[in-house]
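Please find the structures below.
Two complexes come next, and they have one chain in common, subunit A, joined by subunit B in the first and subunit C in the second.
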Partner chain A sequence: MGQAIATTTNVLILSSMYILVALGFALLFSMMGLLNFAHGAIYTIGGYIGYQFAVRLGLNPWTALFLTTVIVAGFGAFLEKFCFRPFVGDFNRIVMVSVAITTVLQTLINIWESGEVLTLPPFVTGVLKSGRFAVSYQRLVTFAVGASLLGVATWFVRRTRWGQQMQAIAQNTEAAFLQGINVRRISMIAFALGCGLAAIAGCLMGSYIQLSPFMGDTMFAKVLILVILAGVGSIGGIFLTGLLLGALDAVLPLLMRGSFSDAIAVVIVVVLLLFKPKGFFGHEA
Partner chain B sequence: MGKKGLILGMCIGLVFTGVSMFLLATPGAAQQAKTIKIGVLAAQSGWFSAIEVLDIQDLMNMAKMINAKGGLIIKGQKYDVEIVIEDIKSTFDGCTAAANRLVFDKKVKFVLGPGGFFGPAAAPVLNPNKVMYVLSYATTQPGALGAEYPYGFLANNASVGYAIVAMKALKKEFPNVKKLTVMMPDDGAAPYLVPALKRVHAQYGVTMVGDVILYPNEMQDFSPIAAKLDAMKDADAIQHAMGIPNQVGNIVKGLRELGNNKPYLGPPGVNGTDVATVAGAANATNMTCTATTPLDPSNPPIQNELLRMRTNDPKTRFMANLPNLLYILTNVMKAADSFDPEVVKAKWESLDTVDTINGKGYIGGDLTYGIKHHAVGYPFPYQRVQDGKVVAAHWVDVGVIP
Partner chain C sequence: MNSVAMSQPMSAGVRSDRKRRAKLSATVGFIVALCLLPVFTSSTYTLHIFILTFIYIVTTVSLRTITTSGQFPLAHGAFMGVGAYAAGMASRWLGWSCWITIPSGALLTAALGILIGYPFSRLRTLYYAMGSLFFGLGVIQVVYALGDWTGGYSGFTGVRPMFTGSKVSYYYFSLGLAVACSVALYRFEFSRIGTNLKAIHQSHEVASSVGINEAWYRVMVVAVGCFFAGLSGAVYAHYNLVISAASFNLGTTLGLFMGVLVGGIGSFAGPIVGTFILTLFPEFFRDLRIYSPLVSAAILLIAVYIFPQGLVGIPQVVRAWYIRDRKGDQVAHAS
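Coming up: the complex of A and B.
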């Protein structure tokens, strides 16, 4: 019984963690069709910048989170203008630029912080206990922030003018341009938002797990699976696929040994894609 | 300045630079001390670099220290140690390529590393070319150390030696523990390491409960593993046989949040303060860590000297694997009075003890690794960790690794 409760909690927490990290990537990939392989690295620098504010400068973790989000969003706008915009429409070069950004950022962090073990301070402390149920407030905050941001992102994309313009660009860039949409500005806004969301995820995960120059790599693989499974064009769909991936990752390690659980989870995802090639909620393949 | 002038200036600059570099590279252009080149296979990039970057810095300082103290005197001639590092890029392919560069481009005859499970990627290059290599870690997994790898040596307590430290810590700190749950990453070592661990357990009167719990190295959230460990009600304590700080910290955090306060024996090289950083001070408790406490007065003087030589320093993590490898290898070279790998190899195999930076090391590992006198066991400390603080550091003698 105790293990069942712990596992259910783990499913919810893992899911919210994946959803949180996937949001920024999904915003760019699903809405704008931009495959930003550097998302994992942006998530990583988000965590490290948050660390500088929260630990080195001693700011309140929430203030550090806010400042980090603003800075990384600005960095995202810079990347869009100077690194991605010149290659729009050229998939190969976009991938190369993403990989280059990832390598440069990871190497800089590795040299800068060496191998020191770093973690952001917890955003909240304490454990909520009730009978056999026990979960830390920190994990609950991760869940709450993930769920809230998912709601806000869905609302933003569906209800706001900028969000609708993003959808228009994703469907047909030329038509959107002819309708008077400022494609460059909207792309920059999407990039800034995507990177800002990655920074929030990096700070929360850097507090919940640990900072590492390569923390983005593994998480990015999960995010890619999650967003593809949700389907291109769907922000809301990542809620369901996040829950599914969280369930697989929380339950399979209990049933089988180590690495098998990761491999089996990916195989299950591939099988699901055979039946749903456009993902669960995809508008287009 | 006109365009022609600019081009002419650049040409003159290039010619000047080229001539200068040629002159500098020409033997006899400058007075050069004799050197012995020692290759290093270590990760300067990729995920494993997070473990080895600091160790490389300490290794360079160790080389400086050896050279400053007179270098190596071999057959009456003084030699300075020259370290040649090749980045294994934290991949098997990268490790093999780096070994090739060391052997064929840099022409080294001695190599330090690689560590962990990268050994099998380098051994097929190093052995046929009769390059003597000293591994910085081994998990008992075949492929780099054993009868088929005559040029492979191990200058680290490694999994089995550190398990002896963990058992000595267990007996002193938690004498009532009789049954252990064991866990480690699922990197292929378990089938070889678990039998060796069970032999060590038997020597100290403890038994392993259930199967070893394996987790993927890439795992991010270890809560499912914590839930699995918590379900092992028969166990009195948990032994984390191998792992890195984020794994230990997250598992400990998960366990303590579930209300599980069983004694926890941390894996080698993971410092108690690092565990506390990840897990939180309140969670990092009732545990021992097989790790050096930086700048602790009980540490051997060389260790503290190496730490003080660090420039950018975090003083929290100190493994001193690579520096120890260099120290041990150069001591064997001095004993052999030779830089011929065959002679140095034969000398190592004939020795029973060797000086390490941690004190006297004992050469053995015959049963564990299947080759006579190729591994060194040496004293190592453990930390008693309570409420996120290292409350005591004790050195224990590992002795001869079986």
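Coming up: the complex of A and C.
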């Protein structure tokens, strides 16, 4: 029973982090057809910048989280303007630019931290005890923050003016442009939003796992799986698939050796992709 | 080519003939220079870098061959790994000679390419890229999962060497392999099959309407590309003697892709130039240690922003600048 609760919280935390990173990636993928290989690196620098604020400067973790999000979102806007916008629609050059960005960020982190093992401090301490069950507040808070952010982001994309303009661009860029939507500005906002969400996920995950310059690679692989399984252009799909993926990741290692569980997760994805190339919920070609 | 033909229509044929002869002699001269390299240097490290470059050239050139059909496979590093592990495991567990393991590793990779290429031939552009990317991830995970046979995370050792003694024999072998494979793939690209592949790339609807069996050609080119990827992986295994799944991950695949794109995906020489530059250039900056990845990133950014046709397009870009300057001068004189 204790293990069941631990597994459930793990599933929820992992899922919410995957979805946070995937949401931004999926938004850019469906809006601009942008395969941003640098999204994992953005998540990584989120964790590292959070570390700088929370540990080196000794700020309150919540302030650190906020500052990190703002900085990384600004960085995202910068990337959109100078690195991605000139090449939208050119798959090759987008891949080159994002690989270059990833290399630069990972190398800079290596230089800056010289490969030390770092972990962010917990956001809250203490353990919630009820009878024989115990869950640390940190886990509950992480999940609460992740889930509420997801709610806000979904509300933003579905209900607000900017969010609806994003959806319009995703459906048909030229038509949206002719309707008077400022495609450039909305793309920039979407990029900032996506990078900010990834940075928050990096900060939150930073207190569970050790920071490493390459932690984004693992995350990016998961995000790709998630986005493709969910199908392009489906936000609800990302939530369901994220839960599924988190559950696979948290439950399979209990049943078998860790390396087997990863292999099985990938094999499941490949097989699903063969039968449903557009994903579970996708509706675009 | 085009600008020359337009500016001087009368002598275009003579021009292109002379140009072709110049290109051919430059290529031959380059290969001869590479042949002479071990005479002038005995540094094992230099030879090592060149051997790796030659092996990777086989992979990048075959990767570009697949892309001529409009498919963007993000699993080529993994296919190289399949060849490497197949040859390495055959060498260690079955005790086969390397002259059998290398071709069989390549054939096995080609078979896997067919197996995976057939269902994936339904997927287009980004979806194809994604599907093959997952396949690449899957290969790595399978290697880890079968740790008892593949060595898992700690790598696979015990591959028997191809040649004993110095690296010079490896150098000539890999140089010969790179030249032979490049010539083979060049002939392939400019054959009837290669032309059909380009037709599929331009418009698969038109291509199928004139009777080109699209699915067959797409699977076939993946099989050919995978054969050469497996070949280079197998040679890599017999050269390096230690292989680990981490050297065939997504990063490697993207690195191979960068080699193709930096050199220029539109030209046959592109991947060769790109691989040379991306492997040799950072070596000059080896003293920078952890800063050295920045050199490759800088090369990528230069290629992206300044030479969109790849580095083989430099002469064209420079000529365009020159012509524009001259025109600017003329305008200035006229006014």
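The rule is short, and it goes like this: the second predicted complex is superposed on the first by the 273 of 285 C-alpha atoms of A that agree within 3 Å, B and C clash if a C-alpha of one lies under 4 Å from a C-alpha of the other, contacts with A are read in each partner's own complex, and residues count from 1 in each chain.
Here, a contact is a pair of C-beta atoms (placed from the backbone, for glycine too) under 8 Å apart; a residue touches a chain by one contact, two chains touch by 3 or more.
Not measured: the values here are computed from a predicted model.
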After aligning the two structures on subunit A, examine subunit B and subunit C and state clash or fit.
-> clash
Touched partner set for A:249, first subunit B, second subunit C, both or neither = first
Taking the superposition as given, does A:179 touch the first partner, subunit B, the second, subunit C, both, or neither?
-> neither
First, second, both or neither for A:97, with subunit B first and subunit C second | second
Of the partners subunit B and subunit C, which touch A:110 in the superposed model: first, second, both, neither?
-> both
Is A:33 in contact with subunit B, with subunit C, with both, or with neither (first, second, both, neither)?
-> second
Counting only touches as set out at the top, which of subunit B and subunit C does A:262 meet: first, second, both, neither?
-> both
A:148 contacts which: subunit B (first), subunit C (second), both, neither?
-> neither
What is the contact status of A:127 with respect to subunit B (first) and subunit C (second): first, second, both, or neither?
-> first
With the two structures laid over each other on chain A, which partner does A:60 touch: subunit B (first), subunit C (second), both, or neither?
-> neither
Determine, for the stretches 37-45, 55-63, 253-261 or 271-279 of subunit C, which one clashes with subunit B when the structures are superposed.
-> 37-45
Share the list of subunit A residues that count as touching for subunit B in one structure and for subunit C in the other.
-> 107, 110-111, 114, 217, 257, 259-260, 262
Contacts from subunit C onto subunit A in the complex sit at residues 72, 119-120, 122-127, 129-131, 133-135, 137-138, 141-142, 144-145, 147, 152-153, 250-251, 254, 257-258, 261-262, 265, 290-291, 293-294, 296-297, 300-301, 303-304, 308
For the subunit A and subunit B complex, residues of the former touching the latter | 2-3, 6-7, 9-10, 13-14, 17, 107, 110-111, 114-119, 122, 125, 127, 129, 134-136, 205, 208-210, 212-215, 217-219, 222, 249-251, 253-254, 257-262
Within their complex, subunit B touches subunit A through residues 45-47, 49-54, 57, 185-186, 214-216, 218-221, 223-228, 230-231, 245-246, 249-250, 253, 257-259, 271, 274, 277-278, 280, 312-314, 316-317
Which subunit A residues qualify as touching subunit C in the complex?
-> 33, 35, 37, 87, 91-93, 95-97, 99-101, 103-104, 106-107, 110-111, 114, 217, 221, 224-225, 228, 257, 259-260, 262-263, 265-267, 269-270, 273-274, 277-278, 285
